[in-house]
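Both complexes shown next keep subunit A, but they swap its partner, so subunit B is in the first and subunit C is in the second.
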Partner chain A sequence: MAKLVVENLTKRFGSVTAVDRLSFTAEDREFLVLIGPSGCGKSTTLNLIAGLEEASAGRISIGDRQVTHLHPKDRDIAMVFQNYALYPHMDVYANMAFGLSMRGYSKAEIGRRIQEAAEILGIKNLLQRKPRALSGGQRQRVAVGRAIVRKPAVFLFDEPLSNLDAKLRVQMRAELSKLHQRLNTTIVYVTHDQIEAMTMATRIVLLKDGICQQIGRPLELYTRPVNTFTAGFIGTPPMNLVPARIQAENGKMMVATDGFRLPIPARWRQAYERLKSKEVIFGIRPEHLRGTREGDIAVDAATVTRLEVDLVEMLGSHVQLTLTCGPERLIALADPALPVKAGDRIPVVFNMDSMHLFEKREPQRRIDAAPAA
Partner chain B sequence: MNICSTSSTASMGILPRIKTAWHRHNVSGYAFILPALLVILCLVAYPFVMAIYLSMSDAWVGTEGKFVGFRNYIDLVQNDIFRQTLQNSLVFTFFAVTVKTILGMALALLLNARIRFQRIFRGAILLPWVIPNTMSTLGWLWMFDPLFSVLNWVLKHAGLIQTNVSWLSNPYWAMVSIVTVNVWRGLPFFAITLLAGLVSIPPELYKAAHIDGAGAVRCFFRITLPLLKPLLLIVILFSTISTISDFNIVYILTRGGPMNLTHLLATLSFQMGLSGGRLGLGAAVSLFMFPVLCVVVYFQLKTIRGGATYD
Partner chain C sequence: MTDRLHGSARRTIGIYAPLLLFVAFALFPIYHMFLTSIKTDRALYNLNLNPLLVSLGALTAEHYRLLFTDTLFASWLMNSLIVSLSSTAIAMVISILAAYGLTRIRFRGAATFGIAIFITYLVPYSLLFLPLTRVVTWLNLADSLWALIVTYPTFLVPFSTWLLMGYMKTIPEEIEKSAMIDGCNRLQILTRIIIPLAVPGIVCATLFAFSLAWNDLLYSLVFISPTEKKTLTVGVLTELIRGDVYFWGSLMGGALIGSVPVVVFYVMFMDYYVSGMTVGAIK
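Presenting the complex of A and B:
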């Protein structure tokens, strides 16, 4: 149980900078998720925290200790690997006992801790088996068990669920969340699956090319992405992002693109005055774009645009529509009962209260209505 | 299913029927191994059976010989030179294989470490193995020369010896010499094979072990060695078999001397059977270790099957 502080952490492999001046803090008992596309430096960051790689620059501390140059075994951390990394020649019991016996715990204490962990994870009946006689999910549990018997200050998980099938992944996700509550320790968890990040994290650190993009609570990243990268990365299907121009039109501010012209909500008009005739990126999530039928009651004419349907994907709970909007494609959702087929032109309601604006110039930062609210 | 296929074959012509049979009984598989099988039968099985027959006959060069049962074997057991040779063979094999195993393991670990010019080293390590055996052994013969060779010269100038050592005529040094040459030659096989084994151990296991608190030494004994065990046993097995039947080194360096103290089974067999003309006795010498080796192989293979695999 401890706080993990990472300051200006940098790792270079030759000319590649895998991690670039990364700083974040995982508070005591926090479930911090590192997320980002493949190759963004998530595993490298975790290896640096674990001490499996030597940092090129920066500092790491766990609790009140500087651990930047300590050996992995002295950092009081435990790690769960993507491919589990169970010792193939040892049975489950020996796998879990290894770390403890290396640290000189007594036989009795080791036995007690393993029984306790096995109880929590439901693997009591597997203790005598070799890893190759276990299913993926069972190996996963053993790998977690090997970490928790050590009772470390910080747990490190590197994509622990990515080798499991979809159903098991959902189940293990819930179990890991529960385990976190039960163990009450700090966890740093790497994944590239944003659903895992959204559901499990207390806070998320989003990386791209080794550079931290945004740190925040899951909902914060979802509702106030700091740039178009975050906006596009968090959320499935991803946020629609289209180039647009802000125009003033008889007292209203409008967002204009090649496919539509829509008014900015009245309460933000003042604030967006400064953007008049500027090029921006307009962003809106699919769930805030609703495909409807002509003559539907709830349609306020001002926020409706008629767009052509390119593709209809029925997902049961809802229909996902791909719409043509000038040269761009927009994704919208609709009621599964909506009679719609490709080629139709339908009214689409834009929930402009949930719109986002970003600067056109890289790194396409968020433009807030009320700066620093 | 069955009914269906019989009725359809019945209505078929002869060619399609052959084709079906070909596929159904995996005839193609046997056809592919047939050439190799023939070669093995002619070049391995026939001489082997022939050797067994010869070892039970009193054949001399040029004579047919008649069946004498285990006479040759009994003669051998009572023969002092043979008993000495048997002891030489065991000593030679034991030390050569042990040293090769330890040095081979060390070399493999070194080659597996992240070092500069790794590829050059990995290639160079194979050299003793690819140089024709006889040629390199002749090179050693020259180096062991007591008067004019580089070895004594170096040792003398380094102050390690005062007088020249007669490497190949001193009983003790002769054995050390042939073991050394055998180790020099066999080391690459160990190093490269064990290196291949090391490379195939997933690096995550070491990461996990480091975090678990195991240092380099405990990593080796608790992770590397157990995982390499099956491979190590196979390598030791192969090496034992080829070492105990070594011929070139002794034939070129010592011819079995001094006083038969470096004779190995192969060289003794050659001397008795071909130089001495007693074919039957020579065959018996070379076959003497066969039952022993069979037992060794059986137990080693059994252990290997019970060994660990990754994953």
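Presenting the complex of A and C:
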């Protein structure tokens, strides 16, 4: 149980910078998720924390100890790998006992800890089996058990659920969350699956090309993405992002694109005054774009635009519509009862209260109505 | 029902008929060696008799008696065993360390070094004996078994290192990382994790290395001249062919006994050997 602090961590492989001046803190008992597309440096970061790679620069501390240059075994961490990395020639008991016996724990203490962990994970009946005689889910449990028995200060998980099938993944996800509550310990968890990140994390660190994009609570990343990368990465289907221009018209501020012209909500008009005639990126999540029927519901006509339907995907609980909007494509949701087919032109309601604006020039930062104090 | 029976019968024949052919092909030389070694010379040189059969009256143990009493066959056998086992042991220790280092420890030139080893392995060893003769003389090892124990690894090491590198690459790196976090240093990882996991590969390499050393003729012929120091291959060849006189019976007896250890080792480690051979075939 300890706080993990990473400061200006940098890792270069030859001329490639895999991790670039990364700083974050995992508070005591936090479930911190490192996420990003493949090659973003998240696994490298985890390896650096574990001590499996030597940092090119920066500092790592666990609790009040500097561990940047310590051997992995001296860092008081345990790691769970994507492919489980169980020792194939040892049975489950020996797998879990290995790390403890290397540290010179007594046989009795090792046995006690293994029984305890096996109890928590429900693998008591598997202790005498070899890893090859276990299913994927069971192997994963053993891998977690091997980490638990060590009672480390920080748990490191490297995409632990990626090798499981979809159903088992959902189940293990819930179990890991419960385990975190039960063990009450600091976890750093690497994944490329944003659902895992959203459901399990207390906070998320989003990486791209070795550079930290945003750190925050899951909902914070979802509702207030700091740039278009975060906006597009978090959320499925991803946020719609369209180039737009801000225009003043009859005292209103409008977002204008090749496909629509919509008013910015009155309360933000003042704040966005400074953007007049500027090129921006307009973002809106699919759930805030609703496909409807002519005369279906009374809506503020100002936030409705008629767009052509390109593709209709029935998902049961809702329909996902791909709409043509000038050269762009927008994704909108609709009621499954909506009679719609490809080629139709339907009214689409934009929930402008949930719109986002980003700068046009890289790195396409978020433009807030109220600049951060 | 009958159809199914027919089907399974056909399958059995389909599998075993070619297998039987292959077994006959593989065992024929051994059969012939054995037969030759227990026939009297009179039967052996009689061209009117079927060479593939022997009549009971023409059986003899004379060739084996000659082998063990009139030649130093027992010493040659012993020499061969000593030389093959020690050179294999030395080669395996070096190869395991080298293969692990080359596959797992990232250092400048590791890849180049691996390729260099492969190229060394490709150099015909019949070219190397000339320079090696000078080395052996310089080391003052000529005419002693040490000459062979020291020189055999020159071709055993590149070969087994290459084979083991291939095997070790198949062991997931995460297992090692895990062991490192569990508190192992490099040597402990090697002895407690890698070696137990590489047993099939190591057995395979050991068997190959042993048979290479056991079958060697050239180095042994060049580096050793005293009769009592000869290995089996050279001993049988030089002492049982005198001028143009071939002691066929004893020659074949010697060759037969000479092939026993290799067969025994291969059979003992059959399972490992097979799984070592098929590494990487299925993931």
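FYI, the second predicted complex is superposed on the first by the 371 of 373 C-alpha atoms of A that agree within 3 Å, B and C clash if a C-alpha of one lies under 4 Å from a C-alpha of the other, contacts with A are read in each partner's own complex, and residues count from 1 in each chain.
By our rule, a residue touches a chain if its C-beta (ideal position, glycine included) is under 8 Å from a C-beta of that chain, and two chains touch if they have at least 3 such contacts.
All values derive from a computational prediction rather than experimental measurement.
Steric overlap between subunit B and subunit C is present once the structures are superposed on subunit A.
In the overlay built on the shared chain, the residue A:K73 is in contact with subunit B and with subunit C. Legend: residue contacts after superposition of the two complexes on their common chain; A:P88 is shown touching both subunit B and subunit C.
In the superposition on chain A, A:I331 contacts neither subunit B nor subunit C.
Applying the stated contact rule after C-alpha superposition, one finds that A:R132 touches subunit B and leaves subunit C untouched. Touch criterion met: A:F98 reaches subunit B and subunit C at once.
In the superposed model, A:I123 makes contact with neither subunit B nor subunit C. 47, 50-52, 71-73, 77-79, 81, 83, 85, 87-89, 98-99, 102-103, 146 are the residues of subunit A that lie in the contact sets of both subunit B and subunit C, per the superposition on chain A. By the touch rule above, subunit C contacts subunit A in their complex via residues 172, 174-175, 177-184, 188, 193, 196-197.
For subunit A in complex with subunit C, the touching residues are 47, 50-52, 71-73, 77-79, 81-89, 98-99, 102-103, 146.
Subunit A contributes residues 47, 50-52, 71-73, 77-79, 81, 83, 85, 87-89, 98-99, 102-103, 130-132, 146, 150 to its touches with subunit B in the complex. Residues 202, 204-205, 207-214, 218, 222-223, 226-227, 308-311 of subunit B touch subunit A in their complex.
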